[in-house]
Amino acid sequence: MSRASMDFATAIGLAAGLLMLAAAMMLGGSMSAFLDLPSALIVIGGTVAVTTVSFSLQDMWRAQSVMLHSLVDRSVPPSVAATNVLRIADRVRKDGLMSLQKVVAQLRAQPFLQRGLGLVVDTFPTAEIERILRQEAQAKQIRHSRSAAVFRKAAEVAPAMGLIGTLLGLVQMLGNLNDPATIGPSMAVALLTTFYGAVLANMVFLPLATKLERRSEAEALLDSIYLFAALSMSRQENPRKLELELNAILPPSERVRIFD
Amino acid sequence: MSRASMDFATAIGLAAGLLMLAAAMMLGGSMSAFLDLPSALIVIGGTVAVTTVSFSLQDMWRAQSVMLHSLVDRSVPPSVAATNVLRIADRVRKDGLMSLQKVVAQLRAQPFLQRGLGLVVDTFPTAEIERILRQEAQAKQIRHSRSAAVFRKAAEVAPAMGLIGTLLGLVQMLGNLNDPATIGPSMAVALLTTFYGAVLANMVFLPLATKLERRSEAEALLDSIYLFAALSMSRQENPRKLELELNAILPPSERVRIFD
Amino acid sequence: MSRASMDFATAIGLAAGLLMLAAAMMLGGSMSAFLDLPSALIVIGGTVAVTTVSFSLQDMWRAQSVMLHSLVDRSVPPSVAATNVLRIADRVRKDGLMSLQKVVAQLRAQPFLQRGLGLVVDTFPTAEIERILRQEAQAKQIRHSRSAAVFRKAAEVAPAMGLIGTLLGLVQMLGNLNDPATIGPSMAVALLTTFYGAVLANMVFLPLATKLERRSEAEALLDSIYLFAALSMSRQENPRKLELELNAILPPSERVRIFD
Amino acid sequence: MSRASMDFATAIGLAAGLLMLAAAMMLGGSMSAFLDLPSALIVIGGTVAVTTVSFSLQDMWRAQSVMLHSLVDRSVPPSVAATNVLRIADRVRKDGLMSLQKVVAQLRAQPFLQRGLGLVVDTFPTAEIERILRQEAQAKQIRHSRSAAVFRKAAEVAPAMGLIGTLLGLVQMLGNLNDPATIGPSMAVALLTTFYGAVLANMVFLPLATKLERRSEAEALLDSIYLFAALSMSRQENPRKLELELNAILPPSERVRIFD
Amino acid sequence: MSRASMDFATAIGLAAGLLMLAAAMMLGGSMSAFLDLPSALIVIGGTVAVTTVSFSLQDMWRAQSVMLHSLVDRSVPPSVAATNVLRIADRVRKDGLMSLQKVVAQLRAQPFLQRGLGLVVDTFPTAEIERILRQEAQAKQIRHSRSAAVFRKAAEVAPAMGLIGTLLGLVQMLGNLNDPATIGPSMAVALLTTFYGAVLANMVFLPLATKLERRSEAEALLDSIYLFAALSMSRQENPRKLELELNAILPPSERVRIFD
């Protein structure tokens, strides 16, 4: 099963969930009962405003771009990445470190691997390569978790704004109990903000945050593969040993068998 | 008490809980009051959709397969695993490392032990065997915890979808307060989604997530036993010392006494 | 103040809490309003069923036995344990390691200390004794925390079952609003499961879980004392230094002063 | 700003909060509507009983004594502590280790520093002094966090007992709906336990727990200062270097400048 | 995008959120329905009182000053900081350590960098420089997280005070059910404290706490840059290597390229 199915899952899941909701709304009458502009403004506007205060415009922009990126990009499956680096390691073993220089130039799409092998070509000490690459991988994880945190924060804020809107509506309604016929519809409108907040948080923001975290974990696995490869080539070890090490961190279904 | 009782516990527990619920429903009248297709669609469909967005089709498939697996598979009790590796270590002590080669070929059912002893047969340095096996055990733990996370996520989502469904029903009901006779039944239907969400989360998803985590812990103990055994044979130590070490991590009721 | 007061606290606390509750029930009329068999079945039965699914019959049995054990057993106060091991260390200092053999045979009641001193008698290297004993202490902590986890899980499940029962009762009531006179009593019965769940979780399961965790911490302190003693004797250090080290981890009120 | 202001904060804060509450009660009529003995018994008695089960009489006694202590005691400001140890280090530098003996005898009020310098006087190896002092500091932190945990537990239990009391009142009220005139007052009384629980938890127990934790952190900083001082004197380093190290852990406003 | 946009985000976000709320209030009638002095006193006064008990006057003062500071101060973007230290390192490489002395004197605005380079000028051993600077950076992080904790605590307390106020209002109202016409307005007033608490916590305190934590993270990145620079100069390494190391921890958009 290729990585592409993951993005498919996001699109299908989001659409299915929201369609189901729309169907349930229409079954019970009309959707217009669920549309109220001021309520939407309080919940959506309030969530955006509060999340902006918590982070920065830059963080919010990056989070949204990281998300779109991760939905569209096809990341390399771990087994393909492992096969690639094993092939490179094998070639380096046979043709010498010099052959690596040409390979490095072609690795635009995998900047982390490119950087790692670049350090190998420049014959940095292995311990230093490990330190630099680990630092870079960790710094990337922190940046990614920050983007997930934006969505997670929005998922916290949306229900709170929903509650605030409902309280606001209830206070207005309770102050005007003259006409009993208006109680029901007023309550309905007051509850709408809570409804909006729950839908936004649980069906949009939280799953996107979780998805970003999963993508980040997947990328961490790729980075480990590339790190191990760079260290192995730097130590000029036999690629068979690298294969052994990579298979130890790959899930059983992704393990590779290139040598013998 | 054998490991088989664990799976028994799952089946009995799930059945008993749901039967008790069904009995309580029927005592209060008929079960039909608790069946509502749109409500079920919102909660079950919504939970599946949102969980799919959060993870991937692959993760969900794996989680479900890991679960069925762990319910059916009979894992080895730790005392049996300890006895096995001590017997192997004893034989290796007497007949030499070469005798291990035949043993390794028969360990299909314990791939982790097979891999570990394979490294011993290939006379890898002990430190390297430890590093590779620890990495593999850790990577397995992470994969297992991901499967548990799918159920844990579903347990989070189900009550949220229940709340969303109830809010949806309340808004529809409150907008139509003309006929007071319909208020009760409408409220009843609106509450059904909350009921479904609470039952799904607390009686199905959460206990399965916990059970998966417990199985993963049990497997981690087995992996430790196999790791210690491989290291001991690699260091060519006396199996008596291995027995001592294994008993230190085994629960008192599972401790073994093979030598003297 | 001896350790026995701890168990006393448990018995007194549980009894006082539940008596107070019973008194409050009777003040408001009769206790019979609070007894409802189906409600009790849903909450208690459901909690047992769900906890069984989450763990195993074995875990539940062990948790209950660990609890009874810890309520009845009188564990050694840390100052007494420290005094004991200092006396042993002093004697070993004077009469040689051989005198330890007889001591070890009498330590049935403290298996961890017995095991540790046994390794000292067998002249294992100090580093190895430390590794084995630390592993054993850690494995014990993990087993104990698992027993506490059973109660903690039950404390999570009980209110959830209470909510499920109340929702069940509300749905039944709302579907049958014909006779307004029955609304009150029906609501009362529906609320009973929430009441049962809250009482079970907060007045029984949670305090027992906390108590088990505290007992486990107390035992961890004893294990540290025994570990330090074994290492000190293995290194054949002056018992005065051991006294110094033990006082560093003992609370001020439990510190000992045996030498000079 | 001296440390004394911290205790002042506690007294003022507690009094101001509760007075404000009392004022709000009286504004709305009379305070007698908020006094109900059985409700108070359920919440206060139940909280004490359940907390006693969770911990031990000894823990509860110690928590209460630690709290009173920390409210009354004037702990040394870090800058004063740093100045003190730098003066001692300077004198030791000039007059030799022997001069320390007299100093140690006068440090009754700082037992941790006394103990540390005592080890220096006895010319223990520096590594050992560090190990012993770190163990003692850590053990103290654990004891303190246990006292904070008692209050934190009480803050968890109080609202739960409030909920239990309210459910109890509601069940009694709903079973007796004959006289509609009594519904309001009965509900009011039923809500009182929730009110008591919320006030106790949020305005008494939680802030005291937080305060204890802050005091413990402040003491940890003092212990670090004393630890660094003991190690520096044990290594017979220049006190200027100690000043540098202490300033690195002191907040900017507490930094000291004694030398040059 | 410069760092200044971050502060802009705070001001815009706070204002937008609160304006939106005010608009929603006025849409539903008049804002006067949302103003009630006693309710405001309970929530705001109570939150201040309880937060003061939890911390100290000093902590609260510092938190508020740290916040104002971080909103007004323009912190250096990481790429600028990296460029600066690389230029300094390059100059030191060419002109020798002595040239650093003059640089140090001008670094008033970056006290951490100043302190670090000061240690380099004084030719402290590299390991010691690292230890001292890491300790200082960590101590600063702890102080900053304490300021964030004040706001986080206030965000916890405000809704609790809101609930207490609402319970207080409900008890007063339920005790006086004589005139049904007053029920609505009384309920409205009782709900106001919950409304105030939710707004204060979610739209003011929580976002400020998160913002403080983000600022602290940003400063930690600067401190890492300065730490690496000091260590590199202390080891007299080639500044190109420092550039490599800095780029490993900088986000891709902030990476610098000064040499070659």
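Read from first to last, the chains carry the letters A, B, C, D and E; within each, the first residue is number 1.
Assume a contact is a pair of C-beta atoms (placed from the backbone, for glycine too) under 8 Å apart; a residue touches a chain by one contact, two chains touch by 3 or more.
Computed from a prediction, not measured in an experiment: that's the story for all the values here.
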Which chains sit in contact with both members of the pair subunit B and subunit C?
none
Shortest walk length in steps over touching chains, subunit A through to subunit D
2
Minus subunit B, the contact groups are one piece
CA centroids of subunit B and subunit D: separation to the nearest Å works out as 41
Would you kindly tell me how far, in whole Å, the mean C-alpha position of subunit D lies from that of subunit C?
25
Could you list the positions in subunit D whose residues touch two or more of the other chains?
none
What residues of subunit E sit close enough to touch subunit A in their complex?
1, 5-6, 8-10, 12-14, 16-17, 20-21, 23-25, 27-29, 33-34, 181, 183-185, 187-188, 191-192, 194-195, 198-199, 201-203, 206-208, 210-211, 214, 244-245, 248-251
Under the definition above, what is the set of subunit A residues touching subunit E in their complex?
38, 41-42, 45-46, 49-59, 61, 132-133, 135-136, 139, 143, 153, 157, 160-161, 163-165, 167-172, 174-177
